[in-house]
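Multiple structures follow.
Two complexes, one shared chain (subunit A), two partners (subunit B, subunit C).
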Partner chain A sequence: MRGEALFGYAMILPSLLIVMLFTAGPILASIGLSFYSWDVISPPRFTGLDNYEQLAADQTVLHSFAVTLGLAVSIVVLEILIGLGLALLVQQRRNTFVRATFRTVFYLPLLASASSVAIVMGYMFDQKFGVINYYLGLLGIPNVPWLTSDFGATATIVIIAVWQQVGFAFVLFVAALSTMPQDVLEAATIDGAGPGHTFLFVKLPMISPTILFVAVVGIISAMQLFDQPYVMTKGGPGYSTTTTVLLIYQTAFQNLQFGYGSTISVLLLLVLIVLTAMQFFGARKLVFYQ
Partner chain B sequence: MRLVSGSNGISRRTLLKVGSAAAGVGALGALGGLARPALASSTSATITFAYFGDPKQATSMQASLLPLVKKADQNADLKVVGYNGTDWNDFFAKILTQIAAGAPPDIVGVATEGVQLMAGKDLAIPLDDYVKRDMSELKEMFDDVDPILIEGLMYDGHLFELPVNFNAGNMFYSTKLFKQAGLERPPENWTMDDFHGYAKKIGALPDVNAFDWIVRLWGSWTSFMYANGGNLLEEQRFDNGDWLWGAAYPGNDAVKTRKGGWKWGAPTANSAPTVEALQLMIDLRKEGLAPSPDVGGGGTLQGLFASNRIGMTIGGGFWAGGLHNAGMTPDSFDVQYFPKWKEQKHLFGVVGNAILKSSKNQDLAWEVVKQLSAADAFDLQFPGNATTPVRRSLMTAERYKSTGPEHWNVFYDTLTKFPNTTPIPAPPYYNALANALNRRTTEAVASGNAKSALDGLQKDLEAAAKV
Partner chain C sequence: MSPMISRARVGRALGLVVLIAAAIIALGPLVWTLSTSLRTPAEAFVNPPAWIPVNPDWGNYSAVFEQIPLLSFFINSVIVTGLIVAGQTATCMMSGYAFAMIRFPGRGKIFVLFLATMMVPLQATMIPVFVLIKWMGLANSLSSLIVPALGGAFGTFLMRQYFLQMPKELGEAARIDGASPLQVFWFVYARMAVPPAAALATLNFSGFWSEFYRPLIFLSDQSTYTLPLGLVGLQGNLGTGSVSVVLAGVVVALVPSVLLFAFAQRYFIEGLTTGSFR
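Coming up: the complex of A and B.
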């Protein structure tokens, strides 16, 4: 029995080492560095809780969290709604070729590099020569400042993030709907439930674990949004699209305040832990497990 | 060289090694065991030269420049590395990371944006002793370079780079659109009112922006700020640069006003002339004469200009090559001095090569730096009028024959005709300044309120100056 346990530990050791080296290591390093002042060039200087005191009074950081949270909630809600809607529509198709085609098409954007997508989308949404404004112009709509107004820039980032990420939610919802027990659905039909009632009171509860999973993963991912604002808006106009990770990058790598940048990243870690815990706590009441 | 703090015992390199994977951060306590000398000694005679630009050109540039390096030392070798980015702050972030990682280049091509960053952070070495030693050899170069450019590469009285290229902020215009609007070439002493009048006439053409600009420190609304007598920071100069002027420019009256480099003082970002300049840009947009600007290096702007969708924009000598490559014929665009507002003051940025303090081959690097500033090295580094040479002798009609513009002399004459031409305000905290400037400019354009945005910029700069 002991030998079996040792064998088990040996099997997970490579993964454990990789996690320690590439996940736990940087996290611990960030926590450690948050107590230092370091500009990369000079030796690091221990400053105790100074960075945390600065953080407590830094309105820019607070604002970046508000921006990020707003973007994250918008993105995740839209991802779930659109992903689920598309999954329901595709699931109704009986032709397997059509279903496979849609699954591939909706999943493809997820495989593209976020930076590359942001560059192309930046051109498409450009106020002066973007193809989006060109077609809106044909409809008589004047040029929209997609990337140069607060609302426009925020909306553009949400649209692009949702477009790229919705395939992930879609595939999971398709899988959840496909594996739904047919006898339950047939029982609902025999009991006289219409499509709406079946969806709300049978399908939705049964795919609620998938919704929770999509929400948790989506929030964690969206709270680390970086590529789109970095490439398309540089966090502007003003601070309107300055996400927390973008602020960390600029603070650490451009302003050379690596200690303070780490302090912000520690706060982001705590916020993510709290948000995830809240989601799981709320899930106890809302998620239906068979 | 070991950069280890006495009390903490952690080298910056160790910190970077352990924790830089995701957030570029370091490690603590337990990492002491991993510490090793910050920079291993090198016996290699390979000089690494880093530049800001397309990395794909590194190989061809390396092949072109290698003979120059061999001229300096037959046994020496050269490695050229290119780093791209939206603007200079991206480049500096990458160079600093390379330095921190213990793999610094020997020579870095640094523009005005980073001269004080490199010097102020003690990353680059002053070239004073080398210059004094080789003055007889360098005299030919100094005779060929306007002292304004040399002063732009000084900090606290020391010379940190030998110059290679520069760009002053002039006004480019589309000759085709000017013709369509019934306009002649503006006179040299044109004013801001003239500019506005020109803009209105060009703006009346269909599908054309009379003026366009980008958000950055060089050649942005900052050109208007300079012409209006404003600046983001107080303009001061270091006193102790006489060692150079007397030896390099004996008997030259132009150096009487030159000192020891620009010293950027307290932030003045919300001063009246600065606010007025940014508000002018907002007003141009409201009048439909200029669109909302992009943040970046200007590639998009060149594309729009080349497709005759922009009447006027701020550009330097590098625009000649850019517009030519974008398909413009030499006579389809031209350039004039920036218009006078309160004064006809221009901004400029100059690029030179600095030797990093961490270089193990500083003497050889110096020889290479001299070669890189030689007249015959310019076109090897910047083919096709990709920028303006600092050497007056290279400014010829022949050079601009294939690219244009017709009045190419404006590029260099800006320095001589307007001795008040001033470098962009780039203090040691340039990166933070650039970020803040970009943010607050886009905020001002989006909100339409220059004063409020520049009040914010003032606070940002005050905070950045303290770090």
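Coming up: the complex of A and C.
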């Protein structure tokens, strides 16, 4: 039995080392560093709660959280609406080849990297030469300042994030819809429910766990938005697309404020924990588990 | 009766129209990227775009390899992604198996530690990780990307869930026949865990092949750049004059993902559905 236990320790050792060194340790170190002032060159200096006082009054930080949350909610709501809509429409098709083709097409954008998509879309959404404004011009909408206005830049980031990731929600909704027990749907039809009623009162409750799951995963990943604003707008115009992770990057790795950067990271971590907990516990009442 | 049927028909037809429109939107930017990568740099910004390249200019593809070290970016990406995928699959199979099948003191507590770190995004711990990487002497090398990814809480969790469903009797029988614990793992259970291992591998491939944040922070020397970092740099260096060259690079970076997806689509979808806890 002792040999068995030793074998167990040996088997978890590599993963345990990585988790301790590169995740658990750094979480604690982030909290520790958040009480220091450190420019990497001179030794770190303990400053107590100074960073937190600065944080509470720092409009840029608070603004970055508002920007990130706004982007995250817009992206996730659109992903769920569009993903669910497309999944329902694809489920209507009887031909399996047609269904498989649409599934592949909607998944394809996920294969590109977010930074590649940002490069490509940066050209496509270019105000003067971009192909998007060319076609909008033909429709009589001239010269939309996609990346050069506050609202335009925000909208562009939402559009390209939704464009790339909607396939994720779509695939999960298709899986949820296709595993739905047929007898329940038949019973609803026999009881005289039309398609609208069946959707609202049967299908929607049954896929609500998937909706919650997509929302949780989507919000958590959107709260870490970095690649698209870094590549397309560098956070601008002004601070309109400066997400929290972008701000942490600028604070720590461009302005070399490692202590203050850690303080913002700790706040981000707290926000993520609260968001996750809220979605899991708060939404329990809204979600139907079989 | 007949108005009902025709209404359903019209609904289905409208549904198809919406699906086709959505498919065009999904494919549009990909087709634009491909067709513009085949235009001469001078034509790249001429609208309307030539959606179907009539006289493809393959010169951009040689240019992208000549003007910038795209081949070196590509090789770096292959090394980093390949070693992470192989390493993490192995370590997570091991730890997932141990948490599911082997009893040892402290197992529950250590597993809770894994679970607690699973939801923590890398971006929130980047500063101390960077300090650690520098201190270990790994900064500005491919190891800075590889080493911290050679194990993981999420992969462990995924593999453990799978091993938990396997019958314990098989291993017990093999033990009675004189097999060592390592032999039981390798010859009895590891073989049955190929599907989740493949799902984890494809998931990690997509994640690390596209990774931008860590390379941006860890790598400062162009000779160590991976594809996503190199391409973003390329966009900055060449400016808008050579859009088609940049796009040729984007296409080159996309090819391995598409190829893998074509052959292992099943595992992508599985990884997505089981694995999106990340």
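What we mean here is this: the second predicted complex is superposed on the first by the 269 of 290 C-alpha atoms of A that agree within 3 Å, B and C clash if a C-alpha of one lies under 4 Å from a C-alpha of the other, contacts with A are read in each partner's own complex, and residues count from 1 in each chain.
In this text, a contact is a pair of C-beta atoms (placed from the backbone, for glycine too) under 8 Å apart; a residue touches a chain by one contact, two chains touch by 3 or more.
A quick note: this is a predicted structure, and the numbers were derived from the prediction, not measured.
Looking at the shared chain after the overlay, A:Ile159 reaches neither subunit B nor subunit C. When the two structures are aligned on the shared chain, A:Ala112 is found in touch with subunit C, with no touch to subunit B. Looking at the shared chain after the overlay, A:Gln127 reaches subunit B, while subunit C stays out of its contact range. When the two complexes are overlaid on their common chain A, residue A:Phe258 makes contact with subunit B and with subunit C alike.
By the touch criterion stated above, A:Arg45 is placed in contact with subunit B alone, subunit C being left untouched.
More residues of subunit A are touched by C (comparison of subunit B with subunit C). Looking at the shared chain after the overlay, A:Val217 reaches subunit C, while subunit B stays out of its contact range.
Once the two complexes are overlaid on the shared chain, A:Gly25 sits against subunit B and subunit C alike.
Judged by the touch definition given at the top, the superposed model places A:Phe168 against subunit C, while subunit B stays out of reach. Using the contact criterion defined above for the overlaid structures, shared-chain residue A:Tyr9 touches subunit C, although it does not reach subunit B.
In the superposition on chain A, the residues of subunit A contacted by subunit B and by subunit C overlap at 22, 25-26, 29-30, 33, 126, 129, 248, 252-253, 258, 261-262, 265. Contacts from subunit C toward subunit A in the complex involve residues 12, 15-16, 18-19, 22-23, 25-27, 29-30, 32-33, 36, 45, 47-49, 91-92, 94-95, 97-99, 102-105, 107, 110, 113-114, 116-117, 119-121, 123-132, 148-153, 155-156, 181-182, 185, 206, 209-213, 216-217, 227-229, 231-232, 235, 240, 243, 246-247, 250, 253-254, 257-258, 261, 265, 268-269, 272-273, 276-278. Those residues of subunit B that touch subunit A in the shared complex are 3-5, 7-8, 10-12, 15-16, 18-29, 86, 89-90, 93, 96-97, 99-100, 121-123, 209, 212, 291-295, 300, 303-304, 309, 429, 431-432, 434-435, 438-440, 442-443, 445-447, 453, 456, 464, 467. Against subunit C, the residues of subunit A that register as touching in their complex are 3-9, 11-12, 14-19, 21-27, 29-30, 33, 82, 85-86, 89-90, 92-93, 102, 104-117, 119-124, 126, 129, 131, 134-135, 163, 167-168, 171-172, 175, 213, 217, 220-221, 223-224, 226-227, 230-231, 245, 248-249, 252-253, 258, 261-262, 265-266, 268-269, 272-273, 276.
On the side of subunit A, the complex with subunit B involves touching residues 22, 25-26, 28-30, 32-33, 35-36, 38-46, 126-129, 143, 145, 147-150, 233-240, 242, 248, 250, 252-258, 261-262, 265.
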